[in-house]
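Structure provided below as structure tokens; questions to follow.
Per-chain numbering from 1; labels A, B, C and D assigned in written order.
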Amino acid sequence: MTLPVDSTDAPLDTAAIKADFPLLNRQVNDHQIVYLDSAATSQKPRLVIDTLDRYYEEINANVHRGAYHIAELATSATEDARARIQRFIGAPSASEVIFTKNATEAINLIAYSWGRANLNEGDAILITALEHHANIVPWQQLASERGVEIRWLPLTDDGRLDLTDLDQMLDGVSLFAFSAASNVLGTLTPVRQLADAAHEAGALCLVDASQALPHLPTDVTAWDCDFMAFTGHKMCGPTGIGVLWGRAELLDAMPPFLGGGEMILNVTREGFIPNELPWKFEAGTPPIAEIIGLGAAVSYLEAIGMETVRAHEIALTDYALRTLNERHGDDLVIHGPTDTDDRGGVLSICYRDIHPHDLSQVLDQRGICVRAGHHCAKPLMKLLGVGATARASVYIYNDESDVDLLSDALAEAGEFFSHQPA
Amino acid sequence: MTLPVDSTDAPLDTAAIKADFPLLNRQVNDHQIVYLDSAATSQKPRLVIDTLDRYYEEINANVHRGAYHIAELATSATEDARARIQRFIGAPSASEVIFTKNATEAINLIAYSWGRANLNEGDAILITALEHHANIVPWQQLASERGVEIRWLPLTDDGRLDLTDLDQMLDGVSLFAFSAASNVLGTLTPVRQLADAAHEAGALCLVDASQALPHLPTDVTAWDCDFMAFTGHKMCGPTGIGVLWGRAELLDAMPPFLGGGEMILNVTREGFIPNELPWKFEAGTPPIAEIIGLGAAVSYLEAIGMETVRAHEIALTDYALRTLNERHGDDLVIHGPTDTDDRGGVLSICYRDIHPHDLSQVLDQRGICVRAGHHCAKPLMKLLGVGATARASVYIYNDESDVDLLSDALAEAGEFFSHQPA
Amino acid sequence: MAGLEDLYREIILDHYRNPRNRGELETPPAHMAEGFNPLCGDEIQVFLHVDADKICDMSISGQGCSISQSSASMMTTAVLGKTVDEARQVIRAFKVMMSIHGDDLDGSEHDHSDESVGSDVSLGDLEALRGVVKFPVRIKCATLAWNTLDQGLSEATA
Amino acid sequence: MAGLEDLYREIILDHYRNPRNRGELETPPAHMAEGFNPLCGDEIQVFLHVDADKICDMSISGQGCSISQSSASMMTTAVLGKTVDEARQVIRAFKVMMSIHGDDLDGSEHDHSDESVGSDVSLGDLEALRGVVKFPVRIKCATLAWNTLDQGLSEATA
């Protein structure tokens, strides 16, 4: 197991990267798999799988409680991973890095702990028209419990945030919660600008970086945000692990969320004293293997270099937009920004009048994995005027040949449905 | 990878079982490891580790959303695991089996969803004096928010529940939440009797089966309980996975807890419609590998047979109680019930005046892993009048030689501390 | 493409392209039931006019893939004009056909009494959907209209 | 047993068996600060009487392992009679000695200015606790009393 060599300037050696991902070497329906669903979940490099194995085979023990050797190793591996993740996101302190089971729990933690402690009837929060359900439903739950108002920042026609009335919409808002990257349109939002606007208006901001962190250099200090949530399984990490990062003084002032072991300093019959950060928000046995696995994923990505990742995805997205539009013309609609400066490699496609679910079924016959559906963003789908899209999303292991195979398969799907007697 | 053969009547072939657990073949401080901390977390059989690997190498994909081949395989593997767990716990329907990240989250789910919907000032819940913080703190949070009263069922001198005033204590109680097995004393509680008493008093009951499910045949229908929580990592499963089981009509009536993807049927700007059970309570990308891994753990335990597991642990606990007491006499206190009918293989030890933390440090030099501390049960420790104990806990892979090594090491620790010049 | 013919039979594509009984009915007298497939975003509204225990009018609106749309269309032709009890029998027979991998999580065994009930009913054109069972994720597409009808019948006759 | 001698030095066991300045002081005039080691259940109360910026009296109660108890005992002998500033320097020096694996999560680099501050101060008997660093989980035992003192000084002089 070797780490890919850091090569910030050189283009990505996708063949070498692909070889690191065991699943990408499998066949589906007699075709080599073409995995274009990394926006749903990424594949995992051998390094991460091996790290999980090594954890279970060599140091598996509960953490923070045992004085014996393997418990000590498990504890320090967990805290090392936390420190690695801290550096990866540019956070000032590892005690601000809180492990959850996924990004959804991270956002719910804010909604339950910070939200219930701070928001009441008459208060307002601002979200955007392109949010994932994970950044909508927790606020709707809070809104219906507390009478908090939810405002929706609109989009431009090409799927970017429409900032025209931002300041007005932020007026009286306590929290601005927005995605750094859309899982449907690929849109990258101007995080620093949004954070500044929020602070200007006296609001805090929460960045849902689930679709950004795997693909871009990320620095919470440069972003100047207050909270950030992301999820491990989309960034080469295992399932069952997510992260909430928050500014220490905010986290310190918040009441605990889940109660139980690990998150306490003391418990008596009369009550409990919460533990220090980060453990205060980590109740129960943590996802130990998953934390350590996410640490390995971060090492893997760092070895490639996030600048290189981004450069690769810009080039590949550019190629995809160009070749797909050229070949399929009016048969094809790709939603979202057209300029790769404003977007990542998430391509939401409508092809002729073929329902995305049917389209993805046909692509599957060629081993091509794309997602069909509402992508957990129904309010956005409604705005786009579609019930579903077929979404192809690229990552470090995809290359132009994957795009070409997708393109061919789209044409074949068109054939298949038009040649069937009606 | 072969499953152990079901052999309900034959004694457990511990050597064969040990060989299934890679970690148990490692050395610590030049000694073969002697793992006696399964009450904190169990070791993992090769079957479970391999199942995780196979998931990541062959079918890793997000579930419930993809129409393509590997997404379909991941989805059906997840739902197959759910059905296997359903059968393992004797639940009437797999839709009652809800995946959480650990037992702690499962209990918090009840406290937040059922608790906040049903309990108010003037209401009361009953817990017991031997609960883990996971079954205390969530209720204290609720109590301080809502003014709910918490009552504590006392213990007998030998660490069993004192049922003398049970009916009286249940009077006016809405929920009786208790452990099926204590993680400190080993005590097994009379679950069916407690459930009946709760129902008699018009209360619901929640069983924390975290320490029971790995060790005993479990049947929620025979127990006639209303909710049951347990955790995967103590029963040969991976970290990052727990289960809440509940009666469908109760779960159906409860509001959702965490909000986000997966748990909705529809989302509009105005609000959301929750999904059906079990997904209503599973927000975000589930711990997919962990669910499938827990399914494999259940297969492993089923192949051994839970009756066999229990018989093995009775025999081994009996041996331990007998030989340790015989050899160490008054130097040793083992807390909890003395009769193996009333207890599992959790031995909380005080040895001379050696602090448990020091004791476990010395044992570690011999490769022996025991836990020193309050075991996340501080109110119980206070009742026992100790700040900490050293806890040795056995499982399917332990045998009499492990107990003998522990016994020798206790004697050596006594030597070490008494021979040091004072 | 091999395999897909099992799924996309001619009659299915026909119903998809030319859906029968499409549209909305006035409520009341009709009753509207709504269903969602959280998997792919399909939404369906089933309008039902039940009079004297008979489904005297019925229509479908919403949007979805070929399987969900054609299944809905075929469903209307199968149950329109039938009594509520007869419609329920068709629903059951259809669900039995679709149940190899189970639509819901009611354990792994099938209830054989259900199957015998189902087998009395001829499904006609609906048999074309049998191939869906080989594509387990699509079962929810095929059954969406039926579950919604089931719910609508309960509500309309409550 | 090999290795353990690094941890359990004579002087440590001596302070464990014969703790200095053990007991409680009346509050007020003394101030009480309480600390917990969530790892192993150790609890400590540090009683401090600060007068004219000097620690004129001090005592320890609570329970814990040999490392936490002896560290507390040695701490009292090291800071009793010192000014608050002097005591803070000892705390810092002790924490620097214990910081190879870090007590808290403030990143991975050490602050070297801290280290130079620390190196001026002689730790005397407390040097015996240096071996604890080889047993990272025990660092929290050794620093419990010190963190509690730190907190107590802030509270008592606030």
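Everything below uses one rule, namely that a contact is a pair of C-beta atoms (placed from the backbone, for glycine too) under 8 Å apart; a residue touches a chain by one contact, two chains touch by 3 or more.
Fair warning: this is a prediction, and the values are worked out from it, not measured in the lab.
Chain pairs A-C and B-C differ in how many C-beta pairs are in contact, and the one with more is A-C.
Mean C-alpha position of subunit A lies 36 Å from that of subunit C. Subunit D has its Cα centroid 43 Å from the Cα centroid of subunit A.
Between subunit A and subunit B the centroid-to-centroid distance comes to 32 Å (mean Cα coordinates, whole Å).
In subunit B, the residues that touch at least two other chains are 29, 65-67, 71, 262, 264, 266, 357, 361, 372-373, 378. Chain contacts: subunit D has residues 39-40, 43, 135, 138 touching two or more partner chains. Taken as a graph of touching chains, this assembly has some other topology, since it is neither a line, a ring, a star nor fully connected.
Looking at which chains touch one another, you get A-B, A-C, A-D, B-C, B-D. Residues 64-67, 71-72, 75-76, 79, 82-83, 86-87, 92-95, 262, 264-266, 273, 275-276, 278-279 of subunit B are the ones that touch subunit C when the two sit in their complex.
Here subunit A touches subunit B in the complex through residues 22-23, 26, 28-29, 33, 37, 40-41, 43-44, 48-49, 52-53, 56-62, 65-71, 100-105, 107-108, 111-112, 132-134, 136-138, 140-141, 144, 150, 152, 231, 233, 238-242, 256, 258-264, 266-269, 271-272, 283-290, 357, 360-361, 363-364, 367-373, 376, 378-379, 382, going by the rule given at the top. Within the complex formed with subunit B, the subunit C residues making contact are 36, 38-40, 43, 101, 104-108, 135-138. Within the complex formed with subunit A, the subunit C residues making contact are 1-4, 7-8, 10, 13-14, 17-18, 39-43, 63-67, 69, 135, 138, 141.
On subunit B, the positions that touch subunit D within their shared complex are 29, 355-358, 361-362, 365-366, 372-374, 378, 381, 387-388, 412, 416-417, 420-422.
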